[in-house]
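In what comes next, chain A is part of two complexes: it sits with chain B in the first one and with chain C in the second one.
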Partner chain A sequence: MTVHSLYILSKSGGLIYQHDHNIPTVEHEKTFSYPLEVKLEVQNRNIVVSYGQRDGIKVGHTLMAVNGMKVTGQQLEDGRDAMLVLADEANYPINLKFARPRLTTNEKIFQASMFYPLYALACQLSPEQRSSGIEILEADNFRMNCFQTLTGVKFMVISDVKQTGIDNLLHRVYEIYSDFALKNPFYSLEMPIRCELFDEHLKSALEQAERLGISNI
Partner chain B sequence: MSRQSMRANDPKKVSGELFTLTYGSLVAQLLKDYENVDDVNRQLERMGYNIGMRLIEDFLARANPGRCYDLRDTADKIQQAFKLYLGVSPSIGSWSPGGDEFSVVLETNPMAEFVELPDHCLGLRYSNIMAGVIRGACEMVQLEVMAWFIADQLKGDNVTEIRVKFVKRLEDAIPAGED
Partner chain C sequence: MTIYNLYLFDRDGQLLHYAEWTRNKQSGMTREEEAKLMYGMIFSIKSFVTKVSPIDLREGYLTYTTNKYRLNLYETPSRFKFILNTDVHAQGIKELLHQIYTQVYVEYVVCNPLCQLNKPIESELFAAKLDEVVKQSPAYASRPA
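Take a look at the complex of A and B:
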């Protein structure tokens, strides 16, 4: 049972808080000989596995390091182009590290603001009158619970499908928000939340929810 | 542990006197800063408005009331909020025929417990911050209201009375899925 991450959207749809609580790291390292058995290609300026799944390295994983040297975008730390290095037989055997990349802050803001119209759209599509928006969105490997307050703030928790007691957790997070963000005189409404006390209380609430996994928080 | 029992030994409860005195020193300081009583009234209302905008979230998170579709619901919830935050139960009355205006009547005003108004500031609406809080809080739940004092024990009235008037629903501000 895990709570992966938490998002808070302001009433105008901006991401005002995001916390990654427990995101599994997927990392695989393997030494390859020439020619390379996985097919790589450049997507969004990253080198991504496009075909040839093996040893935990899956399609969609990004090349993170070559022989222990970090790869940023397509460049190695020493400035060489990673694709050229991989194409050169003289560099083999070669050790490659692949991982599922974490979302960058920009991507998180983008995803969060994407959810806002989806939520509104769900109300419009509803066959019943006075329907709320999306409250639960479930997939194979995770579930997203969303709680919108009467003032329009949205709290979203991404968790394991088996995690229970999320409704209570969301309510608890709302209380923490009203206590430690809004009562902080130096926090201005609608702005990103940067309050240490808020972080602390939130973290312990998430941990507690994971531990208990049941309805009482 | 149910929510009820959590509230009973709420660690956040403080002495009412501390609150009353702190508010008193705020008003006294404002009188010094502005000298003009009308400015002080206005400033108190503005401060209340800003407090109300934040306080509403606390009220919603703690008391978990539903959305109001009628001013009578709103009146009930304002009464409930007075109980929660000031520890007094005001009575609601003097409804206008159209049902768009009512009074919140306080037998005792906890904010003005140790106060006598001096002669030079009889125009001061000492607890004007309350009117601001009501306006700010309602605005955050997409309800535009006006609130003002029509009777004050500090000025020799029997009770303290706040008049609340419904202006309009802020349709544009209603979040999707709530209308």
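Take a look at the complex of A and C:
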């Protein structure tokens, strides 16, 4: 029973609030000998596994560290290019750490604004009259619930498939939003929410939802 | 319970087959345009899901639900996409889609030398078998008259 993260979208599709509650870190460290058993390639200035899943290292994982040295983009801490280090046989055996990449703030904004047209398209491509947009999006290992208010603000919660009571949680978040964001005289609509009271109440609501997982929030 | 319609796309996003059982609302555009829109939406949803997912995804099955219907996407390793719209309460759709792939698509299209694999399916036998399999499924059968 886990609530992973929460997104709030304004009615024009902009991300106005995002909170990562409980995102598991997926990290794997392994010592490799020459030549490397995994195929790496550079994608968006990161070094990403493109082929050869093994020992928990999956396609799409990024290279985080080489011999305990952090990798930023393609560069090692000492300024060397990580790809060149990996290509040189003299550096082996080598210890590499891979992890599932976390979304950066920019990517979160991007993904949130992607959801906006998806919501609208789901409505348009509906085989049934008067359908709403996407309310629940479910993949094999997570679920996203979306609640759109009458004013067009969307609340999205990403949680474990087994988590229950999400509907109540979404309504509770809406309540917190109207109490602590909208009643705040320093908050202007459509702008990111920066308000301590809102943060606090939201966190406790998420924790409560995780603990109970049932309908009485 | 109801099964509304089915789209079958190949790996390049071409609509290979469209079948319809009950559909109460047309999208108001031509079938080609609608197929492009559908493929575009699925493509975006897939990229959205892989990005937003907190852990690694395992397989190519994905659904979304609105207040009126549910869209079920089943993607084979060869990236054929089967999209089936059902009502919200339909059960066992994943198995049905797998069955459509292995017992209808593979049997009557891949094993038919006269069917070109990268062209829309023209085989009448395929359409008939697809209709038969869908109508036999409990999700279709238990619909109120």
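Methods note: the second predicted complex is superposed on the first by the 217 of 217 C-alpha atoms of A that agree within 3 Å, B and C clash if a C-alpha of one lies under 4 Å from a C-alpha of the other, contacts with A are read in each partner's own complex, and residues count from 1 in each chain.
The rule is short, and it goes like this: a residue touches a chain if its C-beta (ideal position, glycine included) is under 8 Å from a C-beta of that chain, and two chains touch if they have at least 3 such contacts.
Computed from a predicted model, the values in this text were never measured in an experiment.
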item: Fit or clash between chain C and chain B when superposed on chain A; value: fit
item: Partner chain in contact with A:Y174 - chain B first, chain C second, else both or neither; value: first
item: Chain B versus chain C as contact partner of A:L150, first or second or both or neither; value: first
item: First, second, both or neither for A:C123, with chain B first and chain C second; value: both
item: Which of chain B and chain C A:N44 touches, first, second, both or neither; value: neither
item: In the superposition, chain B vs chain C on chain A residues touched; value: C
item: Contacts of A:E107 with chain B and chain C, given as first, second, both or neither; value: second
item: Touched partner set for A:F142, first chain B, second chain C, both or neither; value: second
item: Touching partner for A:F115 - first (chain B), second (chain C), both, neither; value: second
item: First, second, both or neither for A:S131, with chain B first and chain C second; value: both
item: Minimal inter-chain CA distance - chain C and chain B, angstrom; value: 10
item: Overlap of the chain B and chain C footprints on chain A, listed as residue numbers; value: 122-123, 130-133
item: Touch list for chain C against partner chain A, complex; value: 4-5, 22-25, 27, 34, 37-38, 40-41, 44-45, 47-59, 61-69, 71, 85
item: In the complex, chain B residues that touch chain A; value: 1, 53-54, 56-58, 60-62, 64, 67, 140-141, 173-179
item: Interface residues, chain A side, partner chain C - complex; value: 4-5, 23-24, 26, 58, 60, 100, 103, 107, 111, 114-115, 117-118, 121-142, 144, 158
item: Residues of chain A defined as touching chain B within the complex; value: 11, 119-120, 122-123, 130-133, 148-153, 171, 174-175, 177-179, 182-183, 189, 216
